[in-house]
Amino acid sequence: MTTKQRPIDPLQQRLGKPADGWRASLYAIIFESDTPTGRAFDLALIGAILLSVLVIVLTSVQPIAARYGDWLHAAEWFFTILFTIEYMARCLCVQRPVMYARSFFGIIDIMSILPSYVSLFIPGAHVIMGVRILRLLRIFRILKLTLYIEEYGMLGEALMASRRKIFIFLSVVFLIVFLLGTVMYVVEGPEHGYTSIPTAVYWAISTMTTVGFGDLVPKTDIGRTIASFMMLLGWGILAVPTGIISSEISHRRGQRPLSQRVCPACLTIGHEPDAHYCKDCGAKF
Amino acid sequence: MTTKQRPIDPLQQRLGKPADGWRASLYAIIFESDTPTGRAFDLALIGAILLSVLVIVLTSVQPIAARYGDWLHAAEWFFTILFTIEYMARCLCVQRPVMYARSFFGIIDIMSILPSYVSLFIPGAHVIMGVRILRLLRIFRILKLTLYIEEYGMLGEALMASRRKIFIFLSVVFLIVFLLGTVMYVVEGPEHGYTSIPTAVYWAISTMTTVGFGDLVPKTDIGRTIASFMMLLGWGILAVPTGIISSEISHRRGQRPLSQRVCPACLTIGHEPDAHYCKDCGAKF
Amino acid sequence: MTTKQRPIDPLQQRLGKPADGWRASLYAIIFESDTPTGRAFDLALIGAILLSVLVIVLTSVQPIAARYGDWLHAAEWFFTILFTIEYMARCLCVQRPVMYARSFFGIIDIMSILPSYVSLFIPGAHVIMGVRILRLLRIFRILKLTLYIEEYGMLGEALMASRRKIFIFLSVVFLIVFLLGTVMYVVEGPEHGYTSIPTAVYWAISTMTTVGFGDLVPKTDIGRTIASFMMLLGWGILAVPTGIISSEISHRRGQRPLSQRVCPACLTIGHEPDAHYCKDCGAKF
Amino acid sequence: MTTKQRPIDPLQQRLGKPADGWRASLYAIIFESDTPTGRAFDLALIGAILLSVLVIVLTSVQPIAARYGDWLHAAEWFFTILFTIEYMARCLCVQRPVMYARSFFGIIDIMSILPSYVSLFIPGAHVIMGVRILRLLRIFRILKLTLYIEEYGMLGEALMASRRKIFIFLSVVFLIVFLLGTVMYVVEGPEHGYTSIPTAVYWAISTMTTVGFGDLVPKTDIGRTIASFMMLLGWGILAVPTGIISSEISHRRGQRPLSQRVCPACLTIGHEPDAHYCKDCGAKF
């Protein structure tokens, strides 16, 4: 059922699936997820990624690391070797291994195992392995054959279509934040914690975005007046990106109902509900 | 008037209303709310729930507990026994008491009284009785026969219809929060309070959601730069769920006025509520 | 021009405008704002209100109060006597003074002057005069004859139409906040500052609304996990009221374009763009 | 290609482009950006502005200023003299230099160089040069000939069209914030940090906008109750400006696709861009 509609994965086409032999079977298991074994492999891989991330997280917690340090160290190397074998298998079964190594997932895959080996020489480097969590993006490969692909694509399209509006919005916000940050640096000064313009801009961003950590706060009356103005402004202009995205999603959703009317003559879909003639062939409805 | 349109409560059907006798009368009073006595019982129950919750709240305030401790203790037991009697009455008057005990409200009802009895053996356990507030959900049973049911259902439907989009959004947010939290753990380190990856992720969530408690704050320049980026990102992507829900609600609202009125002559639908003639064939309504 | 469309003020009708004489002239000046003198009186009154509020604000600032205390005291009494005279004039020139005294603005007017007299006997009472700022609501009386009335009414209508959805939303939020506040009281306990259930609920509200003062923060791991969940939840469900209001405003705005098509036979407006027959008289377009 | 649609810049018309000679060539380079040299000049200018802003930022960071102070001082004077020459060139090549000096960009340009000269006499004045960042607004001049102009104009129009609704919203918010701030000043008083009404209003704004710095927090039970109410209110009414802007942007976006295509046979409008036949009369396009 899903086979018929399965979108051809552009990455898989580029990498080149071997014609037959054990490499083709391996390829089907590792890179495809519409066979039972392929799906089982993907699920096992995601389980392994989650467990290995859990190991990294637990290692960072002092009391746990002090008590189970050896176990966690062993688990860490177990997953590193497992992922190394998987990486080699991936390189082996594609026609163009270099292209895989350079692809988005290829880079993430190598970045998930390299830090462990590097940490043999440079202690502490293994912390960068947090990047391993990115491998979870593979989860979308399993999901993409299902209903999630439509929603996922729609959100992405809506963001892409709004990118110019969002760019203009962000550049205006950046100008405001820089200007007001500089003003606050002049008004409050280093004696109230605004030690430099970058620090004041950091404060301005935390105020405009309504985060408000409270590590820096205005102490003078003028500073508080400017801060009040910034808070109201930031609170208000939050409406702008929301409006942009909202209307974009609404627009896309609004287009969908159109695809329900079919012309009996040319079988095209997407005619408006009030149309009396087919807009493609001119047949009377 | 409301009788005609009254939706048949699926829970009541499952529990089985007794045919007649005192159990049927009791059932009508306790489980139904469209007779005067049933309504009065529900209102009295909600009053008792509110009062019992107030007792729990007051018990938690030290100065009041020190002064009126005995009175509050007595009131607590009064409500516990009252709710125990009510629970028994509910079990008695339904055909299938086990099914009631296992239902959503059955579990909440037993959880509202058990902690009091448990606290006889384990001191302090009665605090869990805060769960008693959930009994207030019964308030929707009274409301559901009125106009609120339509609005309530619409909000629920809109959330259900958007669940896949919201799931994708949340999983992307979780990935970002985990990645940036790990980065901050590496950048700021335990000496600035980021003692473990879970702590850093907690901070990342409080920053991205614009809460910004300020118990943990970045102290290094790189940390502040990443924090600034996270604040802008979190502030911006808040627009996405809002856009999803907005367009979903707009869509549902837009559909309603259309599907209601049919022309008896040409059978077109979508006539406005105040139309006197069909807009397509001119027939009088 | 504005005279023709001037809405009849329901308050003015109830108060009863005197037929003629100096009371009618005084009434026209004080209560109406469509004559030049009436408008000038209103503008002068708003100026006086703003100045008197400024006096109250300045009195509250210690350094200024210490230095200009006598001047501010004198100004305060000047405005009190001025507003007392105005109040008497209002009572004098209406037919039913008691009805005026009981109306919304009548109560605000008396509350703006009473505290000054009360403070002669009870020192410090004059601070309540901050309520005087409410008199600025009169500003909408001047604006209401202009273009602002349409926008104002539309926002009000949109909020009114959404009131049931907003009520359901707020009651669900209140249940969540109370439940999670109680849970945090149990988890964190008085030793981390969560001294009572009301305090914990206050913290829960400040977290769910993304305010995050930081005076109370979770210190345990379970507490931080619950807090993270609450922050994401509060951040996410903010989308719901926004969606409700957005779609309500969009809907109202969407109805407007309909009013552009006029039936040539019966001259009604508001026909849909695709209608072929008038929906009111059945005439063919 | 862009020449045909190039909007005539109203500022350039007012300033008056010289007819010919070296002044006309200089004008084309400095004020216009559709020739290769004009574009190169604009890009170089934006690079110089960014670098000069970077110098100001670096000067404000103590450790860097202590080490590279002389270099930064020299760079600062280099950019000041560069911008002075540019300013003179701009004055020279327009027909009406006074009009340029008074225009928006003319004022920003002079404000970018004056503080450096002033700081020769008044030390510390050069900090105001942060205003130099405003010169980056010129970046929109380059962008405006491209696709960004449509998006930019649409956002501006949407904000302009909503200005009355936003004004009403802000005035209501201001009334609420002032009233509740005064109430908190009375309730909490100077002993909890609410030292004056302006301070309390500053706190009220930081609470209503969900910023929540935490430098001032309510300590009394009544204060916390009022604060809880304010947080929920502020969180909720954030939906109003978002709804206003959302519906405004949606409306503008919805209007566009309709008004573009007219059927040559029956003169109906609103045909979809991909239609081949009129949906009302069946005529071929």
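Think of it as A, B, C and D in the order they're written, each chain with its own count starting at 1.
To be clear about the criterion, a residue touches a chain if its C-beta (ideal position, glycine included) is under 8 Å from a C-beta of that chain, and two chains touch if they have at least 3 such contacts.
Note that the coordinates shown come from a computational prediction; the quantities given were computed from them, not determined experimentally.
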Chains touching both chain A and chain D: B, C
Turning angle required so that chain B lies on chain C, C-alpha fit (0 to 180°, nearest 5): 90
Same or different contact residues where chain B meets its copy chain A, judged by the half mark: different
Centre distance in Å when chain B and chain C are each reduced to the mean of their C-alpha atoms: 29
Rounded Å distance between chain A and chain B, as computed from the means of their C-alpha atoms: 30
Separation of mean Cα positions, chain C and chain A [Å, integer]: 42
Interchain centroid distance [CA atoms averaged], chain B/chain D, Å: 42
Residues of chain B engaged with two or more neighbouring chains: 198, 210-214, 238, 242, 244, 246, 248, 250
Complex contacts: residues of chain D adjacent to chain A: 53, 56-57, 60-62, 127-128, 130-131, 133-134, 136-137, 139, 147-148, 151-152, 154-155, 158-159, 166, 170, 173, 198-199, 201-202, 205-206, 209-215, 238, 241-242, 244-246, 248-250, 253-254, 271-272, 274-284
Chain C partner contacts - residues on chain D that touch it in the complex: 164-165, 167-169, 171, 175, 178-179, 182-183, 185-186, 190, 195-198, 207, 210-214, 217, 221, 224-225, 227-228, 231-232, 234-236, 238-240, 242-244, 246-248, 250-251, 270
Residue ranges of chain B touching chain D (in the complex, touch as defined): 210-214, 242, 246
